[in-house]
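In this document, chain identifiers A, B, C and D correspond to the written order of the chains, with residue numbering beginning at 1 in each.
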Amino acid sequence: MARVVVDVMLKPEILDPQGQAVQRALPRLGFEGIADVRQGKRFELEVEGPVDDAALARIHEMAETFLANTVIEDFTVRVDS
Amino acid sequence: MTARVGVITFPGTLDDRDTQRAVRIAGLEPVPLWHRDKDLKQVDAVVLPGGFSYGDYLRAGAISRFSPVMESVIDQAKAGMPVLGICNGFQVLTETHLLPGAMLRNNHLHFICRDQKLRVENAQTAWTADYEAGQEISVPLKNIDGRYVADERTLDELEAEGRVAFRYLDGNPNGSLRDIAGITNAAGNVVGLMPHPEHAVEPLIGTGRTDGLGFFTSLLKKLVNA
Amino acid sequence: MSLDTVKHAAETPDTAQPWAELGLKQDEYERIRAILGRRPTGAELAMYSVMWSEHCSYKSSKVHLRQFGEKAPENDALLVGIGENAGVVDVGQGYAVTFKVESHNHPSYIEPYQGAATGVGGIVRDILAMGARPVAVMDPLRFGAADHPDTKRVLPGVVAGIGGYGNCLGLPNIGGEVVFDSCYQGNPLVNALCVGVMKHEDIHLAKASGAGNKVILYGARTGGDGIGGVSVLASETFDSTGPAKRPAVQVGDPFQEKLLIECTLELFREHLVEGIQDLGGAGLSCATSELASAGSGGMRVELDRVPLRDATLSPEEILMSESQERMCAIVEPGKVARFLEICEKWDVIATVIGEVTDGERLEIFWHGEQIVDVPPRTVAHEGPVYERPYARPDWQDALQADDAAKLPRPQTPEELRAQVLKVIASPNQASKSWVTDQYDRFVQGNTVLAQPEDSGMVRIDEETDLGVAVATDGNGRYAKLDPYAGAQLALAESYRNVAATGARPLAISNCLNFGSPEDPAVMWQFAEATRGLADGCLELGTPVTGGNVSLYNQTGDTAIHPTPVVAVLGVIDDVNRRTPMAFREEGQLLYLLGDTREELGGSAWSQVVHDHLGGLPPKVDLARERLLAEILISASRDGMIDAAHDLSDGGLIQAVTESCLRGGKGARLVLPDGTDPFVQLFSESAGRAVVSVPRSEELRFTDMCEARGLPAVRIGVVDGDSVDVQGQFSLPLEELREAHEATIPALLA
Amino acid sequence: MARVVVDVMLKPEILDPQGQAVQRALPRLGFEGIADVRQGKRFELEVEGPVDDAALARIHEMAETFLANTVIEDFTVRVDS
């Protein structure tokens, strides 16, 4: 079975308090030199059958209508190697 | 004859029975609606109550939006039926795009439960006619995904058209843009807000205030006196 | 893979078995062999080892817990006593209430969020299994030092887990405790309480009877949760590559649990359930053996029918899995179809996995081959019982001799003022709203009182306004100084908290958090605490309905303070008559009820100002507690008082400050002539409360106290916007509020 | 500035209620053929200075001690191209 990964991140202009909270905590934990942190979601889909263009198109549609809310989020779809 | 108000239960809805009680206290007849049924049982209005439908997994309201009952709600809302989304219900309404914008995790990242002061900015919707414009009310707020966001253009449009229905007072509890607590569609029949009017309808319970009753009495007047 | 069947076990008596790795003692293993007349199969060994563990069998505590039954007060209200998933109390008008406290201490240290979340999930299923709709939760919590870095990891995670799970279930959180003490550094205590309501006729029990009735497992699929320990078995019995890694922690799914609640209540409504048991610790091993043991016949289970999340699980692992959000029901054959239909409606997976037999054995099969054949009682109810040795520790005398009365006291009013502020702002005495604001207290629309009130109160009937109140309390410092008195003080405080809100205390539940029972000093603390609690309940007339014991809370040789946590349930006929804690009306008179002695041992003052723990805890007088409670209840019923707040840690000044802040009104205090203001403000004498009396009721109220013999001194009046102690100091409310409310956010932000 | 991505996923044997909820919803939305869905977190870190072995080792440590809870989660660290 093939794995397709959909990454969903908040659009750059939207405030990401989760990422900020991580970033703020880092120096306290002794980790310096991280200028910015953004936190998003990663979906791993196990796809039955071949992952051809048609399948990817369907997954793209699924991401656009369901996995991401495109009012606030961007997404990428890729086949995991 | 009184009006019939449908109260939808999705899997994971929590405030359905509370909403039914509030509807009843206001003198309306609550009608339970089930997410799998397209049939709205000839109700005159619908409330989408609070809770964690589908656990709020993925995004709050994202999965419920696709339930059969919502197909009918969307059709009816577009035809002018009064629809109120409270908290999770508001989130569902934004996911369906009946209302613009989206709801994100609170800026402080915590669930917050408190008595929240609001200003009623628009007293002409189906759900706010019993208030005065500018009136200040206090009702409970309780959520973790309550931060309202939309792009600047949408926000400006909402402001210009008087569609910001409620604004937070005395401190923005979650980072919502422009202190927006609730909005309405252009027609004024679809309203969504994060705070919980249905939890402020009895003097003894909760915060001890009844400021939320006006939502339901507004509807009663609209439907019965119409 | 070779299966260790019953037949195979009988044929291979000499096969070595990993009983020690599974935590069994040699004699326990021998006993299992004697019971079965052969060596156990791997699956049987798994079941016995987990069911005979301390956690499931109460083998160290049982001999002491018996007192709760033996000394139980005569009480008609008790409908179901200790032994079931939770006790049930009659609260009148045909209603019954069930409640219980549980601990999830160790898992919450390893994985704070999931540990605490699954703790809530577990106790809610216990309440549900009794036939009740869960209506509220509470969470008594204890953490290490407030400023310790690890507390920043554990506390926010625990609170988020309790909120994340409880909020998602739609259960209002109406109270609890947050206590800091370095003794809990490596052993935080995460106790969780749930209250449920039903009609008398809806009570359900965990037993399997009626040969031919079906055994239905429903809820989540079974995965490898919480079975880190049994992997040793799989590796012993199964293929050489060894078992997959199994997680030792469980992950909760509150959404699934919410569906399980609604689904189960609908099953009850249609009378489809003969017997029911939730799956908690020890999973299916526990549920099947307890159901069969309590029932009249035997049980036959086809284990391969259990729906799995992980197809590689061995039968032993399936039996021991602690996957959450599962229930097991006994259903008449004719009702199975409807049962499954309702489960389908709620998207809950349900599977018939076996049936009740007319035999006397619990028999479990795996793809047709028998892997378990045991008398269920020997697994579930007739486990080992230890008479652990106990002895008063040699340091106890020295600890008690180290009297707090010797500590230096404030010499000037300014010093007294500064110490008041310091105590009010200390982590244990400070406002906990940073925590409680993360919990939904409004959901269900029946919350009459919630934190920070003395007890949580919910309405249970909308027509008649019948309600119940619950409070939880525990004070490990008192219990360390004297475990017998400490347990009684926890009981007394909780009882007082319930009465302060106007409810009549009816019954208790408890969670006994202690160190290792293998240490005779700890065992002595346990014996003393249980004896104190049992004697106390007898005297107060409040039976123990159930509870939980959590042992081995220690790091190396150092045990936590003995920490008995007591939850008291009370009933109030009309919630409109409840008494809140806030001083709201200027001019009302403040009365202090009870006697104030010089009692500073274990006090908040001794901890905050001197970091001291020594001496004796406050004196216990349960007859006085009863009298105080009667006065508070009568005063509420007859409308004689507008506010009441019990006095406990922090003493009078703490209570007055809290009531003033809550109501946004100040108070002028005039302490009785000839008394030491320091003692008056900080002593923690038990059996006291402060009440706010409308002037029009003063005479009636004082007459009542006098007639019944309860000391009541007028100590001041609600007035202004500061707490003013005449002749001593004045503290503006804003300064007090800042001190009280800033501490916890500053520590955790 | 270079971007390093840390993906954090629940261990395979741990219950993933979020992924399950998504998977169960898919057929209803008309998307068939997805055998399994797992949902995890994606962190995008903007790193100041060179992303050499030392930097990656530090980020690995950060992931292990902070971004992931290795009792229940696995993680991967990689430089974004």
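What we mean here is this: a contact is a pair of C-beta atoms (placed from the backbone, for glycine too) under 8 Å apart; a residue touches a chain by one contact, two chains touch by 3 or more.
In UniProt terms the chains read A, D = Phosphoribosylformylglycinamidine synthase subunit PurS; B = Phosphoribosylformylglycinamidine synthase subunit PurQ; C = Phosphoribosylformylglycinamidine synthase subunit PurL.
Computed from a predicted structure; not experimentally measured.
Asks: If we define chain centres by averaging CA atoms, which chain lands farthest from chain C? Would you check?
Replies: Looking at centroid distances, A is the chain farthest away.
Asks: Of the chain pairs A-B and C-D, which one is connected by the greater count of C-beta contacts?
Replies: C-D
Asks: CA centre of chain A versus CA centre of chain D: separation in Å?
Replies: 9
Asks: Cα centroid separation between chain A and chain B, in whole Å?
Replies: Centres of chain A and chain B (C-alpha means) sit 30 Å apart.
Asks: Give, as an integer number of Å, the spacing between the C-alpha centres of chain C and chain B.
Replies: Whole-Å distance between the two chain centres: 36.
Asks: Identify all positions of chain D at which a residue touches two or more other chains, and write them in rising order.
Replies: Expected reply: 17, 21-22, 25, 29, 39.
Asks: In chain C, which residues are in touch with two or more of the other chains?
Replies: Where chain C meets two or more other chains at a single residue, that happens at 253, 255-256, 347.
Asks: If I count partner chains per residue in chain B, which residues reach a count of at least 2?
Replies: Expected reply: 54-55, 57-58, 66.
Asks: According to the definition of touch, which chains form touching pairs?
Replies: The complete list of chain pairs in contact reads A-B, A-D, B-C, B-D, C-D.
Asks: Looking at the complex, which residues from chain C come into contact with chain D?
Replies: Interface residues on chain C, with respect to chain D: 110-111, 114, 220, 223-225, 244-251, 253, 255-256, 309-310, 323-324, 347.
Asks: Any idea which chain D residues touch chain B in the complex?
Replies: Against chain B, the touching part of chain D is residues 17-18, 21-22, 25, 28-29, 39.
Asks: In the complex, go through chain C and note every residue touching chain B.
Replies: Per the stated touch rule, the residues are 160, 163-164, 167-170, 253-256, 258-259, 346-347, 436-448, 459, 462, 465, 575-576.
Asks: List the residues on chain D that touch chain A in their complex, please.
Replies: My answer: residues 1, 7, 9, 19, 22, 25-26, 29, 31, 33-49, 55, 58, 62, 65-67.
Asks: If we count contacts the way the header does, which residues on chain A are in touch with chain B in the complex?
Replies: Interface residues on the chain A side: 10, 14-15, 17-18, 21, 66-67, 69, 71-72.
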